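Sharing a structure here in structure tokens format.
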Amino acid sequence: MTTQPLLSDDALSDEARAIIDDIRATRGSDFINNFWRALAHDPALLQATWDRLKQVMGPGEIDPLTKEMVYIAVSVTNACSYCTHSHTAAARAKGMTEAQYAELLAVIGMAHQTNGLVTAMQVPVDPEFQA
Amino acid sequence: MTTQPLLSDDALSDEARAIIDDIRATRGSDFINNFWRALAHDPALLQATWDRLKQVMGPGEIDPLTKEMVYIAVSVTNACSYCTHSHTAAARAKGMTEAQYAELLAVIGMAHQTNGLVTAMQVPVDPEFQA
Amino acid sequence: MTTQPLLSDDALSDEARAIIDDIRATRGSDFINNFWRALAHDPALLQATWDRLKQVMGPGEIDPLTKEMVYIAVSVTNACSYCTHSHTAAARAKGMTEAQYAELLAVIGMAHQTNGLVTAMQVPVDPEFQA
Amino acid sequence: MTTQPLLSDDALSDEARAIIDDIRATRGSDFINNFWRALAHDPALLQATWDRLKQVMGPGEIDPLTKEMVYIAVSVTNACSYCTHSHTAAARAKGMTEAQYAELLAVIGMAHQTNGLVTAMQVPVDPEFQA
Amino acid sequence: MTTQPLLSDDALSDEARAIIDDIRATRGSDFINNFWRALAHDPALLQATWDRLKQVMGPGEIDPLTKEMVYIAVSVTNACSYCTHSHTAAARAKGMTEAQYAELLAVIGMAHQTNGLVTAMQVPVDPEFQA
Amino acid sequence: MTTQPLLSDDALSDEARAIIDDIRATRGSDFINNFWRALAHDPALLQATWDRLKQVMGPGEIDPLTKEMVYIAVSVTNACSYCTHSHTAAARAKGMTEAQYAELLAVIGMAHQTNGLVTAMQVPVDPEFQA
């Protein structure tokens, strides 16, 4: 359950509908996932979030699949179940193979492990890492 | 400060020295960062960690720079200062440009933001994301 | 599922029942949420937790609704689903409007984002922030 | 140390300078804290972050001091040292008394404790909390 | 739901089956929990994870029940629901009494609370704690 | 730096001094670590925290060294540098050997790793783990 009802299409305000329409047009798909239906209670937050997501995850210096892998890594570490599912699905939609996914899991597991070891031992940063 | 002294080369046990030698040979560099000098108190843990890291971060299905970006993402989210520094340095050594780094920062920031929103609203996973 | 059965009223020990009675009296409601029914296996822990919660969340220097908003913020960041739900419900019971909730979500999202950026860049604390 | 040099005023690009000027004008202060000097390497990210922060933390449905307290709560839970310092300073600048701060600490500590207990016991959400 | 189907016995590859067989033999039980059925998609990751777990959680300097308590503590703090359940079950299987569990909960709750207070106040490490 | 000055002995209020005296008497040591000197600004919070810590970490069903190991595990996972240092020092003072510490590090690293894998794959809880 959410902390507020998910808005179906016919419950959207005019402002929210315009943004949802842009999500559909940008993605070339009618499917609107629950995150946007939850955010739609506040058109201003919906707009700010969508505008920024569209810009950040769009074409740029890093390829879209890598961006999704980074998104998965953050989401897993924040223990965000929804985000882990949605961005794993997005990574697959952008071409992530099962072999790449297996390797991504290994990297995520490795990073967690050494993060734990480093923090447990309180290792000081080497001056050589200075930018 | 660490929870135990960092071991200099001449304080290494024979088992630890053999692993440190392999790190140097594998990396083609004499520089040994503090993480390994802290782990060297326990050659078994040093060995297990290095063997696994070498395997996971080596050549595979995902390119090495992407792996470092994923590592940064996990490390930042776990608030591991050392790991953030060491893997940002590693990503740069593997060719990450400043423009890519700026975009990586934007993706990490975005992911944190939507993770927070999703968890705050407790959005249920869409069945469409099912594998 | 919990790691131990939730105790119904007739399964409470005498010590646990006395504390549950105080929760009911303090809140002016018969409803006892699952957290207390899980804690009731250990009357000492139940007592310590309830006594402290009653004191901390009661009248003081910060108004009760603000305290609930802070509680939500911590709970979201710790990815505690139960706590997010229970304190969002508590905030609404204490008068949080939907407009305030939308703004709270925006602040939580913003804080997560800049936390991620700051940690990624390892920004040093300005001396001006010193108390 | 940061992952990239903090930019002093005379190292700012024209785009970055315009945004830094707006921060100074909006805050009515010449002081620019390190977060912005680190972000200034990427004027687009600087702009997006500042624009959003200005909007979210500005006047609205929740009073500015409460917003800072929520920001502190998120920052502490994310273990963001810089953010904890900067928003504690901001809260004091907006009038937080030492008595309020002591109470805020108590609420944050309490929330962490019950988050830990709830997650350890895996307490299921009561249907009564449904929105 | 998982991000990939859980593999039943007859869907296992030969390599995966050999490892699953070793898990069964080592534990003296036919029951294979879902974690291994999810990992079985990648026999290399399955093998590395099981080999390491068997070594780390086996007989050593710390008794097996204490290791499970530490595992629970990490899992709770990482908000890993599955891990919390599986290691609480494992601790009970290794003899954890309900009185010990109640005390473990109290320690976990206490640690979370003081972690929150310390991070909120940004307390500097005493030189006396230096190794 | 802390968010508020650490109180030296002669800056303590009478209420704070009485609690600090009890800490000294209970521990049989004059050394007061910074956590208590930071908390001393609010005698009520100092008292509640110390009273609870004394009770939870004292003699009980779990031996004191195990409690410290659990405390370390939580503190590492919450990325609390101070708490990691102080409880590692406490564990050593209670007899933790270097061999035990090495094994504790291995368990903590392992737990982090499998937590990451489980959360990444969103593994559902086996019904067999039900209490």
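All chains are identified by letter, namely A, B, C, D, E and F, in their written order; residue positions are counted from 1 within each chain.
Operating definition for what follows: a contact is a pair of C-beta atoms (placed from the backbone, for glycine too) under 8 Å apart; a residue touches a chain by one contact, two chains touch by 3 or more.
The structure displayed is predicted, hence computed values, not measured ones.
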item: Between chain B and chain E, the fewest steps along chains that touch one another; value: 1
item: Pair with more cross-chain C-beta pairs in contact, given C-F and A-C; value: A-C
item: Cα-centroid distance, chain A relative to chain B, in whole angstrom; value: 21
item: Centre-of-Cα separation between chain E and chain A, whole angstrom; value: 27
item: Between chain E and chain D, distance of the C-alpha-averaged centres to the nearest whole Å; value: 34
item: In chain A, residues with contacts to at least two other chains; value: 1-4, 45, 48-49, 52, 74, 76-81, 84-85, 88, 102, 104-106, 108-117, 119-122, 125, 129, 131
item: Chain E to chain F touching residues, read off their complex; value: 1-4, 6, 31, 33-35, 38-39, 45, 49, 52-53, 56-57, 60-62, 66-67, 69-71, 73-78, 80-83, 85-89, 97, 99-100, 102-104, 106-126, 128-129, 131
item: Chain E partner contacts - residues on chain D that touch it in the complex; value: 72, 76-77, 79, 81, 84-85, 88, 104-105, 108-117, 119-122
item: Residues of chain A that touch chain E when the two form their complex; value: 79, 84-85, 88, 98, 101-102, 105-106, 109, 116
item: Residue ranges of chain B in contact with chain E within the complex; value: 1-5, 48, 52, 55, 125, 129-131
item: Chain C-touching residues of chain A, taken from the complex the two chains share; value: 1, 3-4, 41-42, 44-45, 48-49, 74, 78-80
